[in-house]
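Next come two complexes, and both contain chain A; in the first it sits with chain B, in the second with chain C.
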Partner chain A sequence: MDKINLKIYRKDPSVDEKEHYDTFEVPYVDGMVVLDAVRYVEENLDTTLAIRWNCKAAKCGSCSAEINGFPRLMCKTRIDKVGFNITVNPMGAFPLIKDLVTDVTGNWDILRKIPPFTPKELGPDQHFSMKQEDVERSKEFRQCIECFLCQDVCHVVREHYTDYFGPRHIVKAASLDMHPMDTIDRSTFLNKEGGLGYCNITKCCQEVCPEHIVITDNAIIQEKERAVDLTYDPLAMLIKGRRKKEKRVV
Partner chain B sequence: MNKAVNSLIPPEFFSARFISFIVLLVLGIYLMTLYPMTKLVTGLTDPFYSPTLLILPLIGLFRLTCYAYRKDYHRHLFNHPVACSIGFRGEFKGRSYTGETRFFRVENLHRWFMYFSVAILPFFYYDIAISIIRYPGYNYVISLGTILLVINTILVTVYTLSCHAIRHLVGGNIDCYSCQHSIRGKIFRGQSRINRHHETYAWLSLSMFFLVDLFIRSVAVWHFLNPVLLHW
Partner chain C sequence: MVEAYKTNECDVLIIGAGGAGMRAALAASDAGLKVIVVTKSLLGKAHTVMAEGGIAASLGNVDPDDNWTVHFADVIEEGVYISNWRMAELVAKEAPNRVFELEKFGALFDRTPDGRILQRAFGGHTYRRLCHVGDRTGLEIIRTLQDQIIHRKNVTVMDEMYITKLVLADGRVSGAIGLKMDRGEFNLFKARAVVMATGGCGRVFKVTSNSWESTGDGIGLAFNAGAVLQDMEMIQFHPTGMVYPPGVKGLLVTEGVRGEGGILYNNQKERYMERYSPKKKELDARDVVARANYAEIQAGRGTEHGGVYLDISYKGAEFVKQKLPSMYHQFMEFAGIDITKEMMEVAPTVHYQMGGIRVDPDTGATNIPGLFAAGEVACGLHGANRLGGNSLADILVFGKIVGEGATKFATSENMPGFDEQEINAEIERVKGLVHPDGLNAYKLIDELTTAMSDNVGIVRDQEHLEIALKKILELKEKYPRVSAPGGLKYNHGLLAALELGNMLIATEAIVRSAIMRPESRGAHTRRDYPKKNPEWLKNIICSKDGDGMKFDTVPVPEIPEELKKYVKPEVY
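Entry: the complex of A and B
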């Protein structure tokens, strides 16, 4: 039977000063994913290992980790795709709780800063039905499972101490901005307070997204272009100024 | 003083990789312009001795501020980051980084360069027409140069029209297509299809741009012939 050499990052910040790696041999079964191997270790070899997982169906976004240096969902990464020598690290962009578990609370604080959905007011006999062509655009962003792999891989969030919200939160703002009923334009807010200018379009967030959301092209660039409309392009400013104000800029 | 200089000139500009790239670029342009002056040869307009050279900076700025090239040079010239994989990305904590907030804020002017690039697109088609009707000794000619110009023009057109700024203007700035903009919704979805391959078109058209200009320059100094393929 094939064996998997699994090297797992270990550190309990309340006890350990430095991290270390423990290596385990895990029996391979056809169709196995990395989460299966890590759970095998937790259940059979070292019960003190801390991991976070929930659905094992790539829908809850809990088991994010760095597998062989690449941010991925453990439950969606097949062993036969990454090889039998596997190193698993926690997400490096977030504070460590223990072993493979990180504290992603900061993301909820950022989400709270984004101006909420503000729909148009409709009269008592008015109703709004959303057509499919409008649904599709913001639906893509609502597929986000909040695994925060994009935040983890983003070099602006991970390596530079800026006020950039990060890809996940631009996607959230774009999902609200592009809703037909919403009345707020958040691009200026994102540019000024969300540090949108720090994003340099290197598209790593798009590469790691397990839901295949086209984060950079469909959310970040679209928000950047909306900010250009309001700040840098006099022609667009003129046309927008002449039109009846449809959206309130925040 | 140092801080003021840093806010104007990004630290990435002092990296050895970037400086060597600029030195090679300047040397290349200098070597290409060493040849004597020629204007129109076998129906082809010499790009180095025509008004084309004057608009080159604007075309260059359109490409430099393009989202596709931004990704490439931020990754491969400035290592911000060179790869997404942790440990291989050439990026580390404490390294100076300003993104597109200081010097690179100029990238927000991409829209202006896009307007200009769309305006000069017809001149590419004009060049094709000239290459057909101005070949000495014939009325109408399809030469190797014509074929190359057609390929180049198609690639430049597709590259320009697949731009993200155009994507925004044709429909990206609308939130409700079904309300009153259903045609713009269709255009947006169609444009999005070619926009997905914008980076491919960017590099293909840039490579073709160089090859065609080099071909014309070679023909102009008689290093290369422009054979007639069809004439009538």
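Entry: the complex of A and C
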């Protein structure tokens, strides 16, 4: 097969009342990804199509969309994996700007609320000393490219208008909590202010993460358990506190 | 009546939110100034996010003999003696401080067994010097700086704000005009000082490792405002970009692969770098390895898809996945190749602009009062060849310096005046591009980038440079007829039309400078002038001259005696 049948969502909410779909025929080239096909449209067939992309290397997290109903990076989704009849929608969890582009800036407001890195006093040589194995614990979470696909797929974020921060932001908090030099514990804060309790561990977020971050098991459940321990078990709090964290933020 | 544009005032306007722009913003914010950072992509997505291998700083954690003087000498020697010595000195001395600072901001570098920052080998560096976070160092730097920025009360970030013009008044830069893409709204920025941190221009070539935003906007904006450009002929080809499948042609294969022991082979299974560079082999400077790869491919010893082989599989799966996780996934997912078992196919790809806006090393000031520049868009540090890892050092060191330079200027100067007519004229120009009846900018961009990749490659000659120039001039003629259907809001067609203007300026400067330099030095290799020429130990500068460009040469600033002793004298 050498033609892709590409159906793309179109709407500019400032002028259109309803969305519609445009269908394009795009020539297939070996190894092509969905972003190549969408860009082919944008460059050759309809330059008014709004898309967002930057690195085309799955490194910046700009090109998130729903491809055949599944949240993915367009630049990382090979056509030969999803078939030649493709429908591309914008992420549904965020306000629409135009066509495939959504407004994800609300995420910066959430990030701003998470207590920042709060380091220990420096060693005598004014530098941190850390073991590689301790660094590794935080590293998984620091791979996040802020594509917000996990936010998009999370039914709590999407449908339930709660104050739940969403998986990306729990990952962020976990990356700070797991930093070997950080001194505060954000789990209780996440529970109280971040609506962590609303997450019912469906694990959909970790399935879509293009960075293969095991969001639910390694970040969310850990934060939940610590929050529970810290609230109900003063002994556990002492032990954990001594092990790593000196302060809690509530 | 709806206002034609929105007005924003600040002390320092920073154009670009890559490493250079964000570090500059922190410096101005530290001084208590009101800062606005604008970027054409989203916050946290700037090209810097792609950087892989690491940041060069002579901590000496792995090789205790390393220190700033060796780093300094490496910059000057590998830059083939046309770097600005003061910039090299500043980077060599300051890079360690910037790395430690990042760590204090929360960045997590890989560690040595005794708990210090681990450093890896990279081409052209005498010692193992690159501090790294696996092969995603850029991401760590961007996130760390972003965390700082979003918690600062005196810094405002306006993303998806495309700057179309710098505004001048009373002989100085007084601000800029931008189009807020997600709203289709014009914005005027009034600022006491403006910092250009717009990154490079790799996208003027067809095959490049650069992200979408690297279209040389900063070059075009500054040039049109009267700034002097320098060393524009010096374009770095990275020796190893992907070649297959076509959609990812040019995508970077980090030098970290060779740093961790990757070996290059031709289709005869010969480790040919032993022939081109018996001592340094795969880890010679980028220009040397890139030319070797090119020569092997030209000689018919290439791979099926026109590359050479790069092998790291012999190191074992566990090692590869731990040291080079992104590369492992990149090949697995884009090419269906398991690099722990198979060899990669790679070929040179356009990677970096050594040239750019000429600046004062100690402040980042350009020749235009009120205009500053730092990062890849600025020029001087890397000379004729940039060493891997030196760009991340560059953007942080000079990001801070330029932020301080702009702060000093902004605190001593009043808010400049504005020419309403000039602002309206610019808005009309941009609006004038929005109609359905003109030429599609994408088509012209395709012609331009193809001409650049075909004719201004790794080995150049007069004939091909002239072909490229002819094409550029032809497209320049056509440029006024470019248009984009649709409206002002999130219209990439319009953006392409605006970018093309800047791309034409950047390419003309590149090609004319390349024609002007009749020798082979660093990244600039001429088939018709294969030797280095002592008479060309100079920098080529370029600036606006009516509708055209004028060129000149300036001597390379003489290295003071107390620094000269660290550097091997140049041989011809």
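FYI, the second predicted complex is superposed on the first by the 230 of 250 C-alpha atoms of A that agree within 3 Å, B and C clash if a C-alpha of one lies under 4 Å from a C-alpha of the other, contacts with A are read in each partner's own complex, and residues count from 1 in each chain.
By our rule, contacts are C-beta pairs under 8 Å (C-beta built on N, C-alpha and C of every residue); 3 or more make two chains touch, one makes a residue touch a chain.
Note that the structure is predicted; figures quoted are calculated from it, not measured.
Visitor: Given the touch rule stated above, what does A:131 touch, chain B (first), chain C (second), both, or neither?
Guide: Both chain B and chain C are touched by A:131.
Visitor: Should A:113 be classified as contacting the first partner (chain B), the second (chain C), both, or neither?
Guide: Once the two structures are laid over each other on A, A:113 reaches no partner at all.
Visitor: Based on the superposed arrangement, let me know which partner A:225 touches: chain B (first), chain C (second), both, or neither?
Guide: In the superposition, A:225 touches chain B alone.
Visitor: Does the superposition put A:179 against chain B (first), chain C (second), both, or neither?
Guide: both
Visitor: Just checking: does A:3 make contact with chain B only, chain C only, both, or neither of them? Give me first, second, both or neither.
Guide: Touch status of A:3: no partner.
Visitor: Mind working out whether A:207 is in touch with chain B, chain C, both or neither, as first, second, both or neither?
Guide: After superposition on chain A, A:207 lies in contact with chain B alone.
Visitor: Who does A:160 touch here: chain B (first), chain C (second), both, or neither?
Guide: After superposition on chain A, A:160 lies in contact with chain B alone.
Visitor: Mind sorting out which residues of chain A both chain B and chain C touch, each in its own complex?
Guide: 130-131, 179-180, 182
Visitor: Which residues of chain A touch chain C in their complex?
Guide: Interface residues on chain A, with respect to chain C: 12, 14, 29-33, 36, 42-44, 47-62, 76, 78, 97-99, 101, 103-105, 108, 111-112, 116-117, 119, 122, 126-132, 135, 138-139, 142-143, 145-146, 176, 179-180, 182.
Visitor: Taking the complex as given, what residues does chain C use to touch chain A?
Guide: Checking each residue of chain C against chain A gives 41-45, 47, 49-50, 100, 103-106, 108-111, 113-116, 118, 133-134, 136, 138-140, 143, 147, 150-151, 157, 159, 182, 211-213, 244-248, 251-252, 326, 329-330, 333-335, 440-442, 446, 484-487, 489-493, 496.
Visitor: Would you mind writing out the residues of chain B in touch with chain A in their complex?
Guide: Residue positions touching the partner: 67, 70-71, 74-75, 80-81, 84-89, 91-93, 95, 97-101, 104-105, 108-112, 115, 164-165, 167-169, 172-173, 175-179, 182, 185, 195-196.
Visitor: Write out the stretch or stretches of chain A touching chain B in their complex.
Guide: 66, 69-71, 89, 92, 130-131, 133-134, 137, 153, 155-156, 158-160, 162, 164, 177-180, 182, 195, 197-204, 207-208, 217, 221-222, 224-229, 231-233, 235-236
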